[in-house]
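Consider the two complexes below, in which chain A is the common component and chain B and chain C are the respective partners.
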Partner chain A sequence: MINLASRDVLHGWGKFLFTGIGLGLLIGATLTMAGVFRGMVDDGQVLIDNSGADLWVVQQGTLGPYAEPSSIRDDVWRGIVGIQGVAETGNAAYLTIQMQQAGKDTRVMIVGIEVDRPNRPGAPPYLTSGRPILQGHYEAIADEKAGLRLGERVRIRRHDYTVVGLTRRMVSSSGDPMIFVSLKDAQEIQFLKDNDALVNERARTATNPAFNRPGVPGLLEAAQASATQARNVNAVLVRLAPGTDADVVAGDIRRWNRLTAYTKAQMEDILVAKLIATSAKQIGMFLAILAVVTAAIVAFIIYTMTLAKVREIAVLKLIGAKNRTIAAMILQQAMALGVIGFLVGRMAAGLWGPAFPKYVLLLPQDAIGGFAIVLTICALASSVAIRAALAIDPAEAIGG
Partner chain B sequence: MDTPAIKLTGLKKRYGTGDAAVDALKGVDMTIWPGEVVGLVGPSGSGKSTLLKCLGAVIEPTAGHMELAGEVIYDGVWKISDLRALRRDRIGFVFQAPYLIPFLDVTDNVALLPMLAGRDNAAARKRALDLLTALDVRHRAGAQVSQLSGGEQQRVAIARSLANHAPVILADEPTAPLDSERALAVVRILNDMAQQYNTAIIVVTHDEKIIPTFKRIYHIRDGKTHEEAGEGRPI
Partner chain C sequence: MKAPAKRTAILSILGALFIAGFGWIVATQGPLAPVAVTLAQAKEARLERRLFGIATVEARRSHAIGPTQAGRVARVLVDQGDTVKAGQLLAEMEPVDLDARFAAGAAAAAGAAQRVTSAEAALAEANSRALLAKNSADRYADLRKKNFVSQEAADAKAHEAAAALAARQAASAALAAAKDDVRRAQSEAAGAGQNRANLRLVSPVNGIVTARLAEPGSTVVAGQAVVQVIDPTSLWLRVRIDQGRSNGLAAGLPTEVILRSRPDEKLPGRVERVDWVGDAVTEERIANVVLDSVPDGLSIGELAEVTLYLPAVDKALAIPAAALQRHGGRSGVWQPENGRASFKPITVGASSADGLVEIRRGLAAGDAVIVHSSRLLADNARIRPVESLK
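What follows is the complex of A and B.
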């Protein structure tokens, strides 16, 4: 038996192909939206995985350090490192800033890490080029996405930093590239006041009789010195010894250190379920609307194509073609349109995905799921045209 | 000539009900024999198309009796359950315009019918090529429909109507879009095919050019037919 659908498609292949390409671009936009969501989840996952931590110790009652501000003293690690099962700790400071680079604004997350030895929790797990931070000040490691080159000098707040290393896939939960600096530098960037504010603060302290007491030498200087020292960090990242139960250690830290400690699973929940929940709903809504729009467009295209063949369908019915032959022709054309649309869409998403400012992750399982959804939509959408075709009276082929 | 190809007795068709009812056919009697080409003529609105649709099992008559090659297919109700198969296997159609399927080539347009009837592709294509040869369009077998002239398209349409060895062919104004020469050529072909395949052909027409060629003519007016002998002018 002749395949009527394929013959019809081949007969008007140009029109069919261009229609498929148009549909494909829409499907490409839908796949990209799914990729944006996957990218957000992956950014959060990568942030957790690449930090090298098993526990995050933050200010009590906060969801820090990524979802909420958290500020703790930089010596609380001393009380943590002694807990059984803790292998290593690392102070970390996080700050998102807008940075001017090569004449354009770049949003980056500054990460302060302890640089006394490599692979402290919080440090980038690997470098794609360059070396680790060796000096205590004014050296930086940047994620490649920040657009910086090795040896380039970059101004962050009051100081210039030299990029000594590059890393990859080190981004914040918002997808902003990270720039790693020493903890001291990060504390200064984050907590220190500017020069004018310091001068004002010193003058204010000097006029305060509580700090400027006659007969108490050194008190004023000590008070003023404390204003120029940054002793806070955002979190202490904890690496546990193998075989240690993270929940038990986290419970000990909460109980004895009056701090909040999150395990990896809890941090995943914060980053993936809580932090991007609204964005996920937003994207979900958008995907649902795009699916409806796609269905409507496919239905309209197939319906129009069917109506353009009323006479042929009437003749087919008159000469004895079964309803299922005609229905199969329309269904197969809808499916073919879906296949072309999906292939074009997948290619389009693959081409324009990397150009997006945030990470777009196109997973094979999403592509398979998307393909199934597209075919389902096409099948459902074709039902409108099939109903119209089956309602065509074979008598229409006979004049009068 | 013992069994008529078509026999109609008191065939009626009413559209609508009550005051809005219209009697399109008011008791049509008609007998057509195998191998015969008969004209069905009448003015617009006389009931030609309605009669053709009833004969083609496209619409159901309201009353009467209808036989096709000796088998009763209507007697107050349809006696055949699968009207689609009846149309496919036992009635051929030739339309005013050829109405070929534009996305199939010439051979497949003809072979489609036997394929729809379940014949294998090779046999269906052989039948199609035989008919195209008989109708002198074999040389266009691989062509697309849009590449054919009007006359060639009509020949292919005739070939399609014969593809399933139908005992009856209903031709609805088959010469309307053609000039005199081509119109007469089509009638000649219909006569040849009727003879060659022993098929009864009813030609609905009001084309003055071809009416004198029929040996028998049914005139239809106000839903009733009367038979008269035609001139049977040689073509």
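What follows is the complex of A and C.
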């Protein structure tokens, strides 16, 4: 027995194919939107994973260091490293700045990490080229998205930095590429003001009678020297010894060091559930609408495709074709359309995904789920079309 | 049926191409794709080790010249940038009453000298009286032996002689006291003079005035500098090096200095001294570096980048530092194994400036390691070695 569906498709294969491709592009847009949503969540996730920390110790009562500003002294790690279960600590400074590079502004997150040993907490866990920071100052590792090349000199605030390494997928929770520098440099970037501000601040201190008293030589100089110190960091990243309960150590730090400590789970909650919640919901809402629209369009296409074949179906009925044969033809065509649409859509999403400025994460489970949904919608839509087809009067084949 | 068969063939070829393209995208773009990696081998290499620090230009000897007691500045004779010689008067403090006190002292010394003359005259008179009384007493004693005079008369003469002797001793003592008085008055006058000289602020060295910190008429406290003088030949750099990276820091290391004012010039120098006391707050060690030749126009406080060259490690088993990663709480490297990645913990030693790190334990020469990867590696992740990523 010949397959009615394939015969029919071959009869008008151009139309069928273009319908499938058009449908595919729509499915591709939906899949991309899902990828944008996943990418957004993943940006928050990689920020946590890439820092290589088990605990984040931040200023008391803040949601730092990513979601809120946090500032603690850079020697608090000495009190933390002595707590039982703590294997390693690392100071970290985070600062988002607008960087002038090759005539255009790039928004980047400057990350200050300790560089005295390899792979300190906060350091990028892998590089795509170059080497780690080996010199105490003025070397940087950049995310590829920052658009910097290996060996390039880049000016950040007061100093020039040499890009010695490149890495990938090191982004802030809002998707800005990271530039890693040594902690002392980052402290300077973050806390040391520009020259005008320094001069103004000195003049302001000099006019303050409390700091510039006659008969107390040196007081003004001392006051001014203490004002330009950069002795703060944003967080202490803590690595725990294997088998240590993170909640217990976090509790100890909260109780005795009078600081706030977050475990990985809490940090995920802050970043994924709180920080990007609104924008993620925004995208999610759009994704839902797009999915509904796609489903409706798929249903309409199949329905109209069936209705366009009223005469042919009537002829089939006239020559005695079974209802089952006609139903199978419509269902098979709908499924074929769905498969073509999905393949085209997945391919399109895979091709244009990397061109997006922010990360688009196409998960296999999303693709499989999408495939199942597309086939279900096709089946449902075809059932409506089948009902319409079965209701066709064979007389239409001759009369109309 | 010819045409449909041809059409079927074309369509199946197109379909096959389409499926193949889809498969290619899934296999290369998605998370199922193998991780692209670059590989390197552990091999013997020479490790050029370096330390790096930020320095400021300082004067090794900086002299803050000021009064030893509070007072008002009378005059300042030099200005910033002036070259001064050792002993040159730089500034002077208001003497207030010191000149008068010096004059009074001098007058007192002159008066005391007069009193010495007077005491000398008194002593000469007492000498003469004593001589006369002694002669007279001797004569009477002689006459008494011959019974020409009474015992009473002889005793009276003897008493007169003893009294005159005592008077001479008193006069001699008075002269000594007067002489002491002269010395005291002279010392006092000299003291007043020294106090006066102390108000003159003179340069202790040949040097350059770097700061004029007080103007005539202003009051300064004891120890506050009026003028600052440095020895320009003693300029050196104070380098701060992170404690965590300061291993090997020692006096005598050759260095290369880049001054902020001349970023394209590398000035040779060497470590002169390493401070025993580091900075506990900034966690840095401090060393002083001298330049082989001090360039013109070097300014104090200028920022400099200093690279210190440690003795190189010859023939160390080394891998690129980028290969060193952390996995499961341990430091080590990823190795390719039948197209998959496997982690091996290793111990490393020194690292070189050009990005190599010495292997202490865990790898043998010729062992391959993964240096760069396009994604974070996991155990048994499929890998695809490439020449370079991108």
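Going forward, the second predicted complex is superposed on the first by the 392 of 400 C-alpha atoms of A that agree within 3 Å, B and C clash if a C-alpha of one lies under 4 Å from a C-alpha of the other, contacts with A are read in each partner's own complex, and residues count from 1 in each chain.
The rule we apply is simple: contacts are C-beta pairs under 8 Å (C-beta built on N, C-alpha and C of every residue); 3 or more make two chains touch, one makes a residue touch a chain.
Note that this is a predicted model, so its numbers are computed, not measured.
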| item | value |
| --- | --- |
| First, second, both or neither for A:368, with chain B first and chain C second | neither |
| Partner with the higher number of touched chain A residues, chain C or chain B | C |
| Partner chain in contact with A:10 - chain B first, chain C second, else both or neither | both |
| Partner chain in contact with A:316 - chain B first, chain C second, else both or neither | first |
| Touched partner set for A:380, first chain B, second chain C, both or neither | neither |
| Contacts of A:397 with chain B and chain C, given as first, second, both or neither | first |
| Chain B versus chain C as contact partner of A:325, first or second or both or neither | first |
| Which of chain B and chain C A:307 touches, first, second, both or neither | neither |
| Which superposed partner A:293 touches (first chain B, second chain C, both, neither) | neither |
| Doubly contacted chain A residues - partners chain C and chain B | 10 |
| Chain A residues touching chain B - in the complex, by the definition given at the top | 1-2, 4, 7-8, 10-12, 311-312, 315-322, 325, 393-395, 397-400 |
| Residues on chain C engaged by chain A in the complex (per definition of touch) | 4, 7-8, 11, 18-19, 21-22, 25-26, 29-32, 38, 50-54, 220-221, 224, 241-245, 281-282, 305, 320-322, 324-326, 329, 331, 348, 351-355, 357, 371-377, 388-390 |
| Of all residues in chain A, those that touch chain C in their complex | 10, 13, 49-50, 52, 75, 87, 114-119, 125-132, 134-138, 144, 164-165, 168-169, 184, 215, 217, 231, 239, 241-242, 343, 346-347, 350-351, 353-354, 362-364 |
| Footprint of chain A on chain B - complex, ascending | 48-50, 52-53, 56, 58-59, 84-85, 87-89, 93, 95-96, 99, 101-104, 108, 111-113, 115-117, 121, 144, 160, 172-173 |
